[in-house]
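In the two assemblies presented below, chain A is common to both, partnered first by chain B and then by chain C.
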Partner chain A sequence: MTYLADVAALTRKDLKVELRARDTLPAMLLFVLSTLVVFHFALPEDSSETAAYGLLWVAIIFTALLGLSRAWVPEHEHGVLDGLVLAPCDRSAIWLGKALATLAFLLAAQAAALPAFVLFFAPLDATALVGVLLADIGICAVGSLMAAMAAAGRSREVLLPLLVLPLAIPLIVGGVGSAISADAERFVLFLGLYDGVFAVLSWASFEYVVTE
Partner chain B sequence: MGVALVLALIVAPEDADQGISQRIFYIHVPIALTAYFCFGLGALKALFLLWRRDERYDLESYVAIHQGTIFGALTLVTGSIWAQASWGVWWAWSSNQLVLFLVLFLFYCAYFMLRFSLEEGPRRARSSAVYALFGVALIPVSFLAIRLAEDFIHPTVFTREGPQMSGSMFVTFCVAWAAVTLLAYVLYRVELAGKRLDLDLRELRESLR
Partner chain C sequence: MIRARGVEKRYGRRRVLTGIDLSVPEGGFALVTGPNGSGKTTLLRILAGLATPTRGLCALGVDRSRVGYLGHEPLVYRELTAVENLELYGRLYRIPERRERIGMLLERFDLWEARNELVATYSQGMAQRLAICRALLHDPDVLVLDEPHASLDDAGATLLERELAALAGARTLVVATHEPERLERFATGRLALA
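What follows is the complex of A and B.
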């Protein structure tokens, strides 16, 4: 019970910081919308709707990367991470709190981006939306851990996409499949599997990344 | 080890009666298997590092992954040559193994980026170890992903003519495999020895100063 309370407190802290500073969410929103506009000009007039779904996934992944690259910046600028590590809570709660906060930002950005996508390009059905949700969970889970690793490095902005993109390739396969495949449930199942495997792995290994 | 290699190289062409393109099979597949083996070894050492907190596993894990990446790059090259010889294209997205190796190659290149951008110390060791563990989880997951992706990227799947191995070909294959594994092992020891020497030298220099 206390574990969940810790997680909730940490998530609330991140959301509150964001509400006061407004660093991340507006940037993500603007980024994903302008990416969609760029895609309109990048796609030829007679290209199929299928290509648009692929581009939607490129937009989602890069928006998530944008959010993740900001995720640990406040912690590092003010030395909060040291305090959090010293706090009498399970270390993995820090990871879970951060992943949930990032997920909230990503979902908020998509709440604007997905209607815009439907308006500009092509319709999305329920399976595709479930696919988006599951892929968001996966990328926030893996990405929060990778961002914590990259944040300690010298060139964190460059490092993060390099670390996350190879790991995100299965997510893109699952996401695109859930939007365009005739047998979309299989891809949704696959996304669920990915989330399970990598969430447990990240949850278990976070402690090693932040402790000295 | 040199004898084994030469034997494999000389024996292999004799048995290859399916045309010259089949011969690379004796090099390509053992290299690919060895690369997997190296990645697995690297992850195992990484697990030991996290478990027993012994610094020496860090270097061993790093060297194993370094070897794995080198063999992975060789797999890409030989696989690409094989694809050109048997399908007439240098790159085929329908070849699961090749795509998987490309993903893994990118992943492990990122591993080196991570390592070189962190400060040396226990934290770097642990971060690299965690990333190496993610690598072995990524292998089956992305293999599944690539399989799944086939049905929307390539509706018609290449049926790759599986090498039907007769007895003597199988022997050749095993000899080649043993030779490549041995080569990898020797390289692993040599690099490990070199890296350790380097470390010792640095410590010695520090203490002399």
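What follows is the complex of A and C.
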């Protein structure tokens, strides 16, 4: 219970910081909506819906990257990460709090982006939406760990996509599969499995990322 | 209480600390002095548990939850108020009756009136006083303070020294400073880094 209370306090803190600073969410919203508008005009009229689903995932991944690139900035601005690391709470709670806050921002951006996608391109059924949700969880779990690693270096903007994109390929495969495949449930299961495995790996390895 | 033996720290090829020995008994007050770049901050980060020595041993004799650390940065969120920052740390440090403790520290360091203002609006001196409150919040047994006078005006320095006078002898302190003359009266030992 104490662990969950720590996670809740850390997540609440991230949401509060973002509500006041408005550094991340407006940028994610603007980016995802403008990307969909650009794709709408870039895609030929007679192109298939399959191509549109692929473009949706391009927009989702790069929007998530935008959020992740800002995720640890407040901690590094005033050295707050040192303070959190010194606290006697389980260090994985810091990662989980950050992953949940990033997930909240991504879901908020998608609350605007998915209706826009349906309006411009193609419908999304329930399985596709479950696929999006599971992929979001995977991106935020792995991405929060990778963003913490990248933030410790000087060139985090360059390093973060290099770390996250290879690990996100299975999520894109699963996400697109859950939207277009005749056997979509299999892709949803695959996404669930990915989330489970990578969430445990990220949870267990965070301590080594934030300690020297 | 604090024991460091042959501590060496390298960053790549650059050697920052070489063969540092330090022993501070319980209730001791060690001053660490030296010019810029002599490794004071690195040594204090090792003592606080934020860095590991490349060679040598460093033992604190207490759990990390009993260490209070004041670094060059205030270690607080700019977009939160003083109370919100201390509430967060108070929760993570599992401090019972933390509201009373936070109120007492903010009053003692003359931040009570500004308690609900965002740290982003604070002057550097106010942020430093808040950082001191954060380091003292959980009433630590060991205090590791890196240039605590930085950014403090005379009034802030007086508040700090009054606090250190109360802590000297009752807590174990290691303080890195460029102004050793201000703290010499509390010191039980001194380490000069070259």
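One rule holds in what follows: the second predicted complex is superposed on the first by the 212 of 212 C-alpha atoms of A that agree within 3 Å, B and C clash if a C-alpha of one lies under 4 Å from a C-alpha of the other, contacts with A are read in each partner's own complex, and residues count from 1 in each chain.
In this section, a contact is a pair of C-beta atoms (placed from the backbone, for glycine too) under 8 Å apart; a residue touches a chain by one contact, two chains touch by 3 or more.
The structure displayed is predicted, hence computed values, not measured ones.
Upon superposition of the two complexes on chain A, no clash is found between chain B and chain C, which fit side by side.
Of the two partner chains placed by the overlay, neither chain B nor chain C lies in contact with A:151. Contact with chain B, but none with chain C, is seen for A:198 once the two complexes are overlaid on the shared chain. Once chain A of one complex is fitted onto chain A of the other, the partner contacts of A:113 are absent, as it touches neither chain B nor chain C. Within the superposed three-chain model, A:183 lies in touch with chain B and out of touch with chain C [touch as defined at top]. After overlaying the two complexes on the shared chain, residue contacts for A:79 are found with chain C alone; chain B is out of touch. Rounded to the nearest 10, the superposed model shows the Cα centres of chain B and chain C diverging by 90 degrees about the centre of chain A.
Of the two partners chain B and chain C, more chain A residues are in touch with B. Of the two partner chains placed by the overlay, only chain B lies in contact with A:162; chain C stays clear of it. After the two structures are overlaid on chain A, the closest C-alpha atoms of chain B and chain C sit 5 Å apart. In the three-chain superposition model, chain A touches both chain B and chain C at residues 211-212. Of all residues in chain A, those touching chain B in their complex are 142, 145, 149-150, 152-156, 159, 162-163, 165-167, 169-170, 173-174, 176-177, 180-181, 183, 186-187, 190, 193-194, 197-198, 201, 205, 208-209, 211-212.
On the side of chain B, the complex with chain A involves touching residues 50, 103-104, 106-107, 109-110, 113-114, 117-119, 122-123, 126-127, 129-131, 133-134, 137-138, 141-142, 144-146, 148-149, 151-152. Chain C contributes residues 48-52, 63-65, 67, 69, 71-80, 84, 88-89, 91-94, 118-119, 134 to its touches with chain A in the complex. Listed in rising order, the residues of chain A touching chain C in the complex are 2, 5-6, 9-10, 13, 16-17, 20-21, 74, 77-80, 82-89, 211-212.
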